[in-house]
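Below, subunit A partners subunit B and then partners subunit C, in two separate complexes.
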Partner chain A sequence: MNDDEKDVLRLRLYVAGDAPNSVVAVAHLRSVIEECASGRADVEIVDILRDPERGLRDGVFVTPMLVKFEPLPERRVLGSLGDRRFLLAVLGLNETPGE
Partner chain B sequence: MEQSQSLAATSRMPTGIAGFDEVADGGLPRGAVTVVLGGVGTGKTTFGMQVLAKGALEHNEPGILVAFEESAGRVVANTSGFVWGGEALKDRGVHAIDAQLSQWVEQSGEFDLIGLLAIVAAKAKEVGGRRVVFDGIDVLLSCLGDAASIRREAFRLRDWVNQSGLSAIVTAKADHWGQASATDFDFLEFMADCVVTLHNRVVQGIALRFVRVAKYRGAANSGNEFPLVITTAGLEIAANATLRLSYPVSADRVSSGVERLDSMLTGGYYRGSSILITGVPGTAKTSLSAAFAEGAARRGQRTLYVSFDEAPEQVVRNVASIGLQLAPHIEDGTLVLKSLRGRAASPEAHVAQIRAFLAETEPQHLVVDPLSALFQHGFDQVSEGAALQILDVAKSRGVTMIFTSLLASSTGLAEQTPINISAIADTWIHVANVNQGGERNRTLTIVKSRGTAHSNQVRELVLTNEGITLADVYSVGGEVLLGTLRWEKEIADQRAREGERNDAIVLKQRAELALAETRFELTTLAQRRAIQEEELAQLQKRTTAEVDTRVDEDQERLQRRSADPTDSPSAVADQGVDPDPTGPQ
Partner chain C sequence: MSEIEDLRQGNDTLRRRNEKLLHQLADAQQALEAVARGEVDAVTDKASATPLLVHEAQERLRAGQRTAQRALVEAEERFRLVFEGASVGLLMVNPAGRIVLANTRVETMFGYSQEEIVGEFIETLIPLRFRDHPQYREGFAADPRGRAMGEGKDLSGLRKDGSEVDIEISLSPITTSEGAFVLGSVVDISERKRAEVAQQQIVAVVEFATDAILTRSLDGVVRSWNPGATSLLGYRADEMVGHTADRIVPEDRIEEQSRALAQIQAGKQVLPFETVRRRKDGSLVEVSITYSPIRDRHDGVVAASIIMRDITESNRTRRERIRLVKQLQDLNADLEDRVRSRTAELSKTLQERESLLREKTSLLQEVHHRVKNNLQMISSLLSLQARRIDDPETRAFFLESQGHVRSIALLHESLYQSKDLGRVDMQDYVDKLVTTLKRTYEQGAHIITEIDQVRLPADLAVPCGLIINELITNALKHAFAAYRDAGENQIRIEIRRVDDDLELVVADNGTGFASPFDPARTETMGLTLIRDLSAQVRGRAEFGSANGARCTVRFPAPEEGTRS
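Moving on to the complex of A and B:
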């Protein structure tokens, strides 16, 4: 339990500027991280509109796309991340019981 | 007016798909979206790749492939069977983006194409791209789940294309027309400026391909379906069999490869003409074709030899037995020997393949052996159209074409010739087997030969290990003699001729003798005549000489009488005879 909580989440979210789905995805991810993995998540947000080369290089073309590098296994989730329970499961997090 | 025409011309993107631009208002719309719909294996990806490759290679218009269904690497690799395809495309202006969603990608919530389009735009800017193909976009769009999202992204794509100035081809599967899986994609057709549908139809076990321009915004579009074929040249519309009326006409002759056949044709085939050789199996149709090709190769004229259902090695080996060595000519490229499997493709596909071979090798002569291979499926109209197209292609290129036709049996020549190509052929040679005296021999007849004062006689076709020759035939009581019978007849004739010769010698001698006798007689007669003339002359002389002598004698007598001139009564009498007036004084 303690070990799990000390695991660092290394995430990257590819977005397309302020496209609605991208904005929504950022908001969903942010709320989950803040509420359930506060302080132990390393999140990089890549804006493909600003840096399309990055998308080409990383092989990510469709946005929004979340990539979880650590803890292993790597997982990729396409979409606006509207399903909170699914997102928590992907990230290996538990819902924090109450405030 | 001119301006609008030039605008129209520049607003079309040539596809490089032979025959397609002619039925699609000059090409696909520029700066707009063309949707290519078709089932599995109908050639959607090939369509897109060919447009990209031809654009890059022939029009200096770099292109971008965005592959959703298969990896971009595999899509490119799959084109290596085409003359314009293969890995080299990557260095020649066709750039690939692998947008295949990994099977490990999970989905949660909605997504859009905004990021993707930004990446494609960046790539296009980097490489100066003019054409873009989104291959298998249905794979990605179907992940969107609901029709509203699909619709939204499709319109996003279209708007992006219109703004980017790129010309786009979007391919999508449309397997089951009219069924639910396809209706979700109806909007694709709706939003596109041009819709091309591809489909396969299986007729009597053979897949035939068709293409149709289902929609073309702002263009007159017939909406007709056209047969489509895939060859090493890629996709190609098999044009309707429209035989042109004017072809390059040549008065040059080309040797048939058989000396005596050339004589029968008063100098050989016409260059650029079509020659049909008919006959049942084993009547040396291939040998005649090979003799032609070999002869042409020796004169440095390139021949494309298309053999149906017989491997090149087999052809080479078989004709080597009659002294025709094809291998050296194949090595130096003057003979290009290609094999096709008759049943492996539709007649239309064979035509397209032969057309592609012609374009690749640019030969002066073409042999198709047998052309009747096109007819083994039995679709008469399609097959006949295919045969006519091959003739058309050859004629329009000024290529001399020899094609053989297999007849199922030796009877009913005209009815058995499977097509009325025999009517179109300029020269029709028929080879037949004739059984006689326990032997099977071959005969050759020139059924027709346009513009040639050809022999109508039947000749025996003789294959030796030194080649093909034709022998005179003898007819006895209306029956043509061949083989051993012919040989026996020849010997008998020779003997008869020898006898005649001996007789003639005698006769000649006799005649010479007769002539000599006549000459002798003439000489004798001439001598006799001379003698007689001499006699006459002598007699003439003698008669004059006798008169003179008498006068002299008279004068002597008078002189003697002058001693006593008065007593000569005879002198008075003599005065009348003697003209000398002085005498009687």
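Moving on to the complex of A and C:
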């Protein structure tokens, strides 16, 4: 667990400009990272409207899409990331009420 | 050891692979749910590498749908306007043969409302006798060709009230996903038919008219020329139609015709007038001519119709009639004169005859009067003579004679008093006779007369009078016994009609004739006289003696004037 906690989360969120689901997804991700993985996450946000090639290269055809590259295994979550419990599970984080 | 290590490693590999698959499954499931929730913003097309924004696409789709919807509504509205506004009846029939659409023209044409007719089979609008007609049956079946139905044939539609309407139908197939529909356009041709009939009638009227009827366009060219015109003017239709009509107008009538045509061109009526036209053979014919304007739909005058009637004959007839009327008037006047003078003559004659008649009447009266006076005088002489005779038998004879003379005198009195001088009223005469006799004899008796309305000429009345005189005298002298009260004595005198005869009866209730009594053999003066007098009136006297004496003389009634 400690190892896990020390592992840096390398995340990339593909969004479509400021389309509504994309905006919500950014907000949800930001709040989860700040609350449960503060300082341990490397989050890159890619706007596929500006850089479509990036998405294609990563095999991302539908946005908004969150891809967890590290730690392995790679996981992908589609949508506005409203299901917090599922998101924590995918990211391997615990709810830390007393931060 | 290494085997265990291998196993452990293999096991780990499997476990990791399993875990990875589970993750992939969970991610895939989550992705599906996210898509279902609509949490997708963009989809990138692999080939074009262009991201498609889902919201924009949806927006465009919705806009597209709205446009399509609007277009559909507009199309429907346009269709409805065209369908309803069509000048013909429109019917849409589905593959099952039922009417699915009908416009208002159909309503008015067939008398059904749209609600009533939609859903019905097309046969509802077809008269029974046509329902088996193949043109109808196949017409509305799925026939891929659009065509007119019953071309050149009389088709009929059946109205709601059972009446029929002349129609013309053309059909267009409309292929839809639901099958082949047929759009039928129906035209009410009753009006056209009536117009055709009227047109035919007009053509027939013109064709068979004995009047010349032609039309002439405003430029003077003949447009129509009927057989009546040919027989009146000698030109055939093919010689005149398309050519100028001027050759039938004599030089001196051109001016007149121009005036008439100018009137027509101005849309004014030209009253019929009499004029002259030239025939093909150059001869002239007297005609009565009528010009009427022919107008187009915009009320502009485009031609003149000209009707000509040959009045040669009627002019001759008219002159002849005038001559005859004159002659008749002359004859009438002459006749009236003659009637007047003849009437005057006749009335003069009549007056003369009347005065002659009056003279004759007064003369006859005078004669009867004088005869009576003379007879009375004779009667008085006989009476005077009788008084001087002592022999009772001789005196009785004189008195009897006096009675005879007196009864004749009375007859003449009755004659000159009667209206009809030739005949005597028997009632009146018998009354006089009875009164005189009663005065003459002492012996009283009740004399009853029952006399029908009889008027006899003098030659019959005299013998009758003498018979009555004789019988009553006889009765008063002999019938009644002296001891009897005179009040019981009764004599009846009757004259009555029996068939074509007259019957004179004198009867009393006295002692009757002495029996045995045979009047035929009795040669007394009185009875002889009665038989002789009866013979004079061509009658027979019969005597009876029951309840007193009774004498009946039956003789033929005079033929004429007995009733008047």
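Heads up, the rule we're going with is that the second predicted complex is superposed on the first by the 97 of 99 C-alpha atoms of A that agree within 3 Å, B and C clash if a C-alpha of one lies under 4 Å from a C-alpha of the other, contacts with A are read in each partner's own complex, and residues count from 1 in each chain.
By our rule, a residue touches a chain if its C-beta (ideal position, glycine included) is under 8 Å from a C-beta of that chain, and two chains touch if they have at least 3 such contacts.
Given the structure is predicted, the values throughout are model-derived calculations rather than measurements.
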Exercise. With both structures lined up on subunit A, is it a clash or a fit for subunit B and subunit C?
Worked result: clash
Exercise. In the superposed arrangement, which partner chain does A:75 touch: subunit B (first), subunit C (second), both, or neither?
Worked result: both
For this session: Determine, under the contact definition given at the top, whether A:86 touches first (subunit B), second (subunit C), both, or neither.
Result: both
Problem set entry | Which superposed partner A:45 touches (first subunit B, second subunit C, both, neither) | neither
Exercise. Which listed stretch of subunit B (26-34, 44-52, 80-88 or 116-124) steric-clashes with subunit C in the superposition?
Worked result: 116-124
Problem set entry | subunit A residues contacted in one complex by subunit B, in the other by subunit C | 15-17, 19-22, 25, 48-49, 52-53, 55-56, 60-64, 75-80, 82-83, 86, 90
For this session: Note which residues of subunit A are touching subunit C in the complex, please.
Result: 15-17, 19-22, 25, 48-49, 52-53, 55-56, 60-64, 73, 75-80, 82-83, 86, 90
Problem set entry | Residues on subunit B engaged by subunit A in the complex (per definition of touch) | 66, 97-99, 101-102, 104-116, 118-119, 121-123, 140, 143
Exercise. Across the complex, what residues on subunit A touch subunit B?
Worked result: 14-17, 19-22, 24-25, 28, 48-49, 52-53, 55-56, 59-65, 74-83, 86-87, 90
For this session: Within their complex, state which residues of subunit C touch subunit A.
Result: 16, 19-20, 23, 26-27, 30-31, 33-35, 37-44, 46, 49-51, 53-55
